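Both complexes below contain chain A, partnered by chain B and then by chain C.
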Partner chain A sequence: MLNNSHMSLNAFDNLRSTHPDWLGVIAAIERQINRTLRVDPRAVIDDDVISQQSQVDPKLVMRLLVELEAWHALVRRLFWLCPEGRGTTSEANSLEEFPAFIECHRCGQKHSLRSGDVDVRFLPSESLLREISTTQDR
Partner chain B sequence: MKLKDYNHLAEQTPGVTPQFLAAVISVHGMNTFGPWQKHINTVLEDNCIRHTPVDYGYQIRRAFRPFTGGLLREVGEKIVAAYQDQRRWNLKACAIGHSFGTLSIGTALQQNPELILPRVITFGSILQCGFPWRRLFDRGQVENLLNELCAGDLWVRCARFMISGSGPSGCHGFTAEPFIEQREYEWTGHSLLATQLHCQEIWIPFILRQ
Partner chain C sequence: MLSTELLDALVSRLREARAKGRLELLLKQIKQEQDVPRRKFRASGTIDQLREAVQIAAEDGSISVNVLASLVDEVEENGGQHIFLFDLNEAGRQQVRSEAFKDSFHALPTQPTPAMYADLPSAKRTYIAEKTNRIVVKQIYRATYWEKDEDRSYSHADERATIMVRRHRRAINLLLLDPVLGRAEVRIDRVRGQMDDGLALTLFSEFQEDLKDNFDFAFLTTPVPIWRGFTRIVSDRDNTYMSIDGARDASVNVNISNRRENDRGTDVRDHPAYTYTTGDYVRDTLNVYWLQEGKEKIHTILSRVPDATIGKVYVAAKIDAEQLAYVLERIRQSTLDAP
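And then the complex of A and B:
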């Protein structure tokens, strides 16, 4: 039988060693991300969704997701949201890839790039997906 | 999460790069704490620009000769520290200076050859009209300068009699150079330009221009 260390993901082990007081929270987030990516390896990791599903404080989730990016488990993805509330109008890996203005295919209007309209979410890194595919479901 | 939240966390997390389009250092004048720096902060943030206001307190006596040099050195150190902080993420660094802040930015560029500010904006400038921008341009420290002036700016007219090394470039402009853009206004006086609207319409397009 596999013990816990074999079933846990490396980046989360790093989080556990950095934040020994947050073991329960880290386990809940790990479970949620693991479960999500097993169903759909191309799923976008959204802090709001993770926070709701794992019942963890949203600020803590944000912080831990950014730390997971630092541990190369997640990759940042920027979503330019239509300010008229019609959904994502463009997405990119970095802010510089966005144009200063965009003809929104959602609402037909022209929008200028505003920080308040940009949402940051995450994609799994190749190494995280490889690890998930080779570890047992928790 | 919102970009602002992400950037706040990314700045505290080694190995993660916050997402900005540029970085701005602003330097206020003497006889003020520079409330305009707070006003433009929101607009710069909305436009994905990282802003570091340099604050050297409310100064009058130390700006005047023979103390000018000491205060310029002190402000110069703060400008360099702000620049080093911005440089951590390889952002295009820009500076906005008002009044004594323009003299501080100019002097800091002269005294720190490693200080590179591709875009500089000056208003109410008390630098000398013949300030050696060309030399700084040739050294690669400055690429473009926007100087906003007002012929009726009384503070600028008086500065040279009280502040060492100063001049009336906020009234008469700098010696013409292809990389210097000068905009003249009739009624903006010494400090009326630093509004959110002006920042949005004039300064930000200048900062982000390719």
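And then the complex of A and C:
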């Protein structure tokens, strides 16, 4: 039995103390992220997915995810999507890190960088993953 | 003797193949094996610094021109290719063993020449050599293709123009023959920095035509139907990783891909929604990474050439010869007794 079982995640506790009026929304997002990362620690934290699955306003979800980033629970990540619809061809921390052209592992073709093909999402930080792995499912 | 011209050509080939790491490894090995003083020549640095190191090593006899040329050959011959697998029939085995076949090509020169490693070969040269139980027919030539000039093409509010330019590239094609195992393998240089199936099939067709008088694929070989092994490869969880899959049955087309780049994400086959490992689903292509303990994953795109009874293995990266052989052997094995 782990000592810290049934504990909430630190960054979400910070959110709760900052936004006491949004406890229900924060709990829904926390539940969603927790469940996602328990199943797949390499998953992408996607505001659209969280918004639809937890039925929370998309703008509010994005605002809270950005705050979670400030609490070092999430890391913003840019995903260059294959224009042939084969998923992520490359990822980086900023647009400048992407090359002007890329040979896509997904489809084999060469793609030029277009802002419309880049998605901004989040990844869990190492500390969040560590916390989840040592905390029992809630 | 390693002339400046030959040294420049060989180093240029390594630079072009982004094989600086391989050259560093070779220089490190030489230093270790020959107990070369640490400061004699460097074993790391920029490609220009390594060129200088090779020159110093060559002048004091630490490295021979043949060793350096062998490294270039290995890099040029393994990866960055479209690969076609065949079985030799009985006539094929006999043909490959015959002296007439071996005499029909020039032997690969024992001493490398600048012409063999030229940036843009002036003529198409086809050589033959015997290497560890295999007969290798190697063609060195200048390939041409059309490509969009991204800098000069434009799209304005009221005018668009696409400028296509004809590019020329050094290219290597190989026919590898194993008369004992009854196998043949064609490796076509990918030439461009992307998977261009149309170009690959054109170059393959030209290569077949060039060899036809001495080796007629239609009469001497049977293509290995690699697509018949796709289901088995998908089921081979111990030796493969998949970031994307596309399959179809009589009712639906399915496409599934993970959300991370390269091999950073979860294998799509681990997702609860993935149920496409059975033979009920067919695929025209299979995008798969091959795992080998202690080695880097090898990425391949396997495909069935449309309207042809032939399969193709695309390997974008330059890789170790043994690793490529391992992957091709696995692909061959996956087709054995396949429906």
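By our rule, the second predicted complex is superposed on the first by the 105 of 138 C-alpha atoms of A that agree within 3 Å, B and C clash if a C-alpha of one lies under 4 Å from a C-alpha of the other, contacts with A are read in each partner's own complex, and residues count from 1 in each chain.
Criterion: a contact is a pair of C-beta atoms (placed from the backbone, for glycine too) under 8 Å apart; a residue touches a chain by one contact, two chains touch by 3 or more.
Because the structure is a prediction, the values reported are computed rather than measured.
When both complexes are overlaid on chain A, the residue A:24 reaches neither chain B nor chain C.
Of the two partner chains placed around the shared chain by superposition, chain C is the only one that A:108 touches, whereas chain B remains out of contact. Shared-chain residue A:47: touches chain B; no touch with chain C. By the touch criterion defined above, A:87 lies against chain C but remains apart from chain B after alignment on the C-alpha atoms of chain A.
Residue contacts after overlaying the shared chain place A:63 against chain B, while chain C stays out of touching range. Within chain A, the residues touching chain B in one complex and chain C in the other are 121. On chain A, the positions that touch chain C within their shared complex are 40, 42-44, 46, 79-80, 85-91, 101, 103-110, 112, 121. Residues 150, 192-195, 243-244, 255, 257-262, 264-266, 270, 287, 299, 301, 314, 316 of chain C touch chain A in their complex. For chain A in complex with chain B, the residues that touch the partner chain are 47-48, 62-63, 65-67, 69-71, 76, 78, 94-96, 100, 113-116, 118-121. Against chain A, in their complex, chain B makes its touches with residues 1-6, 9-10, 13-16, 19-21, 45-48, 208.
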